[in-house]
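One chain, chain A, links the two complexes that follow: it is found with chain B in the first and with chain C in the second.
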Partner chain A sequence: MKSLKASRIISNTIIYLILGIMSIIWVLPIVWIVLQSFGGGGISVRSQLIPETFTFDNYLYLFSNFTGVTNPRASNHSLDGYFFGWFCNTLIVAVLSCLISTLFVLGTAYALSRFRFKARTIFMKVNLVIGMFPGFLGMIIMYWVMRDIFHLQGNYFSLVIIYSAGAGGGYYIAKGFFDTISKNIDEAAMIDGASKSQIFWQIILPLAKPIIVYTVLTSFMGPWGDYVTSSYIIGLQNTSNWTVAIGLYQFTTGQDIATSYYTQFAAGAVVVALPITILFFALQKYYVSGVTGGAVKG
Partner chain B sequence: MKKGLLILGTALMTTLGLVACQQQEAAPAGDYVHIDIWATAAEQQVIEAVVNDYNSKQTEASAKFNYTFTAVAESDAGTTLAKDPTVDGAPALFLCADDHIFNLQSKDIVSELKGSRKDKVVAENSAVAVAGATLDGKLYGYPVTSDNGYFLWYNKGVSGIQDKVGSLEDLLALAKANNKKVLMDVANGWYANSFIMSPDACGVDSLYWEKDAEGKVKYVTNWDNETGVKVSEYIAGLLTPYYADGTLVTGSNENISAGFSDGSLIAAVSGTWMENELKPIVGNNLAATKLPTYKIEGKSYQMASFTGSKVYCLNKTRPVAEQKTAAALAELLTSKEAQLVRFEKRQALPCNNEAAKDSRYTANVTIGGAALVEQNAYACVQAKTAQDRYWDIGQAIGQAYLDSNLAGKTWTQFLKEQMDTLRVAQ
Partner chain C sequence: MANNVVDEKKNEESFVSLRHIDKIYDNNVQAVFDFNLEIKKHEFIVFVGPSGCGKSTTLRMIAGLEDITKGELYIDNELCNDKTPKDRDIAMVFQSYALYPHMSVYDNMAFGLKIRRMPKYEIDKRVHEAARILQITEYLDRKPKALSGGQRQRVALGRAVVRNAKVFLMDEPLSNLDAKLRVQMRSEIIKLHEALGATTIYVTHDQTEAMTMASRIVVMKLGRIQQIGTPIEIYNNPSNLFVAGFIGSPAMNFLLVDFDEKTGVAKCKDGKEIKIPKEVYKGKKIPSKVILGIRPENIIPVEEGGYEIEVNVAELLGNEYYIHSDFGGVDLVAKFPANKVISIHDKLRIDFKVDKVHFFDVDTEMAI
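For the complex of A and B:
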């Protein structure tokens, strides 16, 4: 008995030790970037964790078109005053594509879960195979379609189209969740005279809150942090149309930018993480049941 | 009599008319069209100042330059245009780094300058800058500045350092004696060439690439000759102990600023881009000079460096009228006066020979700028020397200097093996 207790204590100690080390490894970069974002003084990139002077100027710099704060170390001011615009662009892109793709995903999932129609299984299989190809294989064709057919190259609205157009293909988890909602509910509603659309909007969706939250979160985060698509569609020449991902990347590259904008970059990274963090905390309890909910077979 | 006068008058009028016509034709003002320009953001003020000044002297509207400026960094302009030279708002004139010209030329995106235009550029600019804009003997752009190179930054507050920065051996010994460090990113192809390419060793032209008949790139090099081996053996013998005991360190920009700010570094090999970062850290003790020499059997070898230029290029995919305007504007923007304006406004080092002699430049040159110009006498043009395949080889050689680990080979075998890899046409 005693040895059982002792072995449990030992195993718990080991587990907590491992977990502790892992959490330090995970949290340290975030702590680092937050501390650097408050770093003041003469140098931009420093080797110590805690800066010797603290300042809020790096954050004020990001909104320099309102605050007038510039980077005293910099010789190159080409990116001053753009961050707020990039933030708004990204927000517009992320919110619009989030709304549209959530609708697409839920609609597709509902149709595939509830309706039986010709080629339904073929459609699902084809979609599975197409989904195996990484999205960036379509990069070049996407560029030319956006440039020559839609004439939206360089415009961030083209990103909304790209992000949301293919979203319906990622219906799997939502369909899994809808499958767990008993069909008896649909039938009862049908007997009461509800149409398919009414069943979807008024019966199924209120029952599917966790999966809606999950879909909203994932379809918001994708566009919010994406660099590859936004950089090739918008292009480096259209500075005011950039998203935050391109902007922050530019803070860390370039011959005379990279050496003097590190703390501003850190502040930008913290600001960019805020909306996602808030969203996550607010929707956390739904999120977990959303991720696992789709996997339950009823 | 009356008829005679009439004929005379008509003849006179016609002649005068012709003369007038001739004069009009000889006038320099061209039919300039509106063009787009891509250049780094800091260049906008230069273009504005130079073009406004020029336009104010013109009376004809068609002789004035009319442009739209878009800020694109020099390092991005070449790659962005190589992806799609006809993108919306594609420029007729763009400023790019000289190592992009190879890629742009192979995709037929950049126009060649011929005849008098070429002669003028070659005559007026420094050889190093012209070489950067030249490919297979053809000129592809108007050099703007040669500012991308490296030299030695040091802290002149360290006692006795002024006498030691001229010699690599002395500098490292001084650092060791003071328990301090010297930074040079030797295990990086961009710096590793510095020893072997010394004009006193294999020479600044000892490595370059060329295209064969099939368009494949192959390197011409003699780094594996007797001199190359001798230098490499000596440098590895010199550097390895210092690297092992931490006197010689490698690292990038952030390590340099951190090292100077905590006082552990006394000298570092880097470029002009560190000046604004280092000034507040090192203060009045910040100094810079050309790279040191090293000594083998009593003979001094001056360390070499890479250099790169910024070049105004013409986009070949734009209409001819736009390209003509762009060429005229580029000529104006790289003239002596424009280069001096550029130096005043954004501290870009002039590559125009006359501008480099002008007192407006010589009296105001920055610490790093002066050192770079000094070092450029021993520099080779990176765009012509090193392309994709060199970097891994350079890194391997640099790493071997630091740890003397040749996997059981001699330096002769090691260098031959590395150079043979480069000599294969690919």
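For the complex of A and C:
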């Protein structure tokens, strides 16, 4: 008995040691960024974990159009006062595409789960194959479509169209969840006299809360953090139409400003992470049951 | 196995009428063959058969949940083949109950009425009336999750009752309940049918349910109707070997015998001879090789005469024994009263109620 207990203690120690090291590796960059975002002083702050002086100015600088705080280290002030606008742009894009794509995803998933129509299986296979190509293969064509057909190049609403239009293709997890809801429930509602849309809205969606939350989260996070699509669609010349991803990228790579805006970049990264963090904490409970929803009936 | 079905003629009284219905699935599997049935108003029809016999498929075609490949379905003299389920005015109870998990019991029952835009006071009246009949008034505010299996089944019934539909369809509604509750719900469904008089079609694989509940039974096998009749007709005059073996518990014994029409002697494989009186097979043409069917309850213990058997298995059910023994080359089952202890390897004397035997053709398996 004693040896059993001893070996359990040893294995637990090893497991917790590994977990501890891994969590430090995970958390370190976040701690670093947060600490840097409060850093004051010279350019060399980049190489120190704990800044020499602490200041709130980096955050105030992000909203310099309200606060008037500027960056004392910088010689180039071309990005001052834009961050709040970028934040709003991104929020609008993310919220709109999130709403539209959630509808598309859930609708597609429900249709593929419940209805039997010609070419249904072919459609699913083709969709799977197309989904294997990286999205930016369509970069050039999307640029031209947005510029010459929709005349929306440089406008962030074109991002809403791009993000939502293909969203339905990511129906797999939602379909897996709908498949676990007994078809008898649909049939009972049909016999009760409900139409297909009444069944979807009044019976199935209230049962699909976890997967709705999951879809909302993922389709919010995609547009929120996306750099590639937004950068070439909006373009570097339209500074006021940027999203936060473009703006923060410019903080660290832009001409003349790359070295002097590092702490401002860190503050911006923290501000950008906040909405998603809050969303996650609020919806955590549903998120887990949504991801595992395909395996265990929710 | 030819259609002993054709006696179902179109008839003015018939309320639900299924004519030459076929069901072929997309993968070319045919589940139902030439189904003909005329159902009168207020009847309680039970479809019974082993799994895969097409009984549920037929029910789902009546409900409109499956397409009818061929044939016509009339409900209340209206052709319903192409009507959606909601336009057929039917109510259905599922084996899995299929309650809406996110709604209270009240809302579950009211849903169908709300969809049909019935006035609120009328919905309220109907739901409370149904809840009273089914004794679930105190659970109206609960979610289905907080109910036991029996209570959920009552809610499922209640959802059908409030609709006041033309036809009630029930797809193995008691299969998910434990044995005791099943017997109780069985009698409650019978009472409910008495009280409401709704035309009901009930699907089950349990022959006891069929016998106890039905006003008429439809026995099915492999997509074909084997026999339609009242429970007692089917029990006393099974039309073929399958029906004879399926209805009645324990199942009928079948002995392959050489029959001599002149003397009435049926000679079993192991040489045992059973004498059948002439009046039993008078007017029937009995071939020399024939299957003799006799129900376990028509085998009786005797003090002397008859046949001696050795008990292989004795199953005690409390008031009676099922006795298994080797007789005529088969495992013969007899039902004896349990007035004395019978144990394995006991030697017993038995006799047959020879006026209760059935004859079946060896090739066609039809009753003679």
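Annotations
One rule holds in what follows: the second predicted complex is superposed on the first by the 288 of 298 C-alpha atoms of A that agree within 3 Å, B and C clash if a C-alpha of one lies under 4 Å from a C-alpha of the other, contacts with A are read in each partner's own complex, and residues count from 1 in each chain.
By our rule, a contact is a pair of C-beta atoms (placed from the backbone, for glycine too) under 8 Å apart; a residue touches a chain by one contact, two chains touch by 3 or more.
Treat the numbers as computed from the prediction; the structure is a model and nothing was measured.
Taken together in the superposed arrangement on chain A, chain B and chain C fit without clashing. By the touch criterion stated above, A:Leu207 is placed in contact with chain C alone, chain B being left untouched. In the superposition on chain A, contact of A:Tyr262 is made with chain B only, not with chain C.
Shared-chain residue A:His77: touches chain B; no touch with chain C.
Look at A:Arg114: by the touch rule set out above, it reaches neither chain B nor chain C. In the superposition on chain A, contact of A:Ala189 is made with chain C only, not with chain B.
Legend: residue contacts after superposition of the two complexes on their common chain; A:Gln198 is shown touching chain C, with no touch to chain B. For the pair chain B and chain C, the model built by superposing on chain A gives 53 Å as the shortest CA-CA distance. Contact residues of chain B toward chain A in the complex are 38, 40-42, 70-76, 80, 83-84, 87-89, 148, 253-255, 257-258, 261-262, 273-277, 280-281, 347. If you check the complex, the residues on chain A that touch chain C are 116, 182, 184-185, 187-195, 198, 203, 206-207.
Here chain C touches chain A in the complex through residues 26, 63-65, 84-86, 90-92, 94, 96, 98-102, 111-112, 115-116, 159, 163, going by the rule given at the top. Within the complex formed with chain B, the chain A residues making contact are 42-47, 73-79, 143, 147, 153-154, 232, 235-237, 239, 250, 253-256, 258-260, 262.
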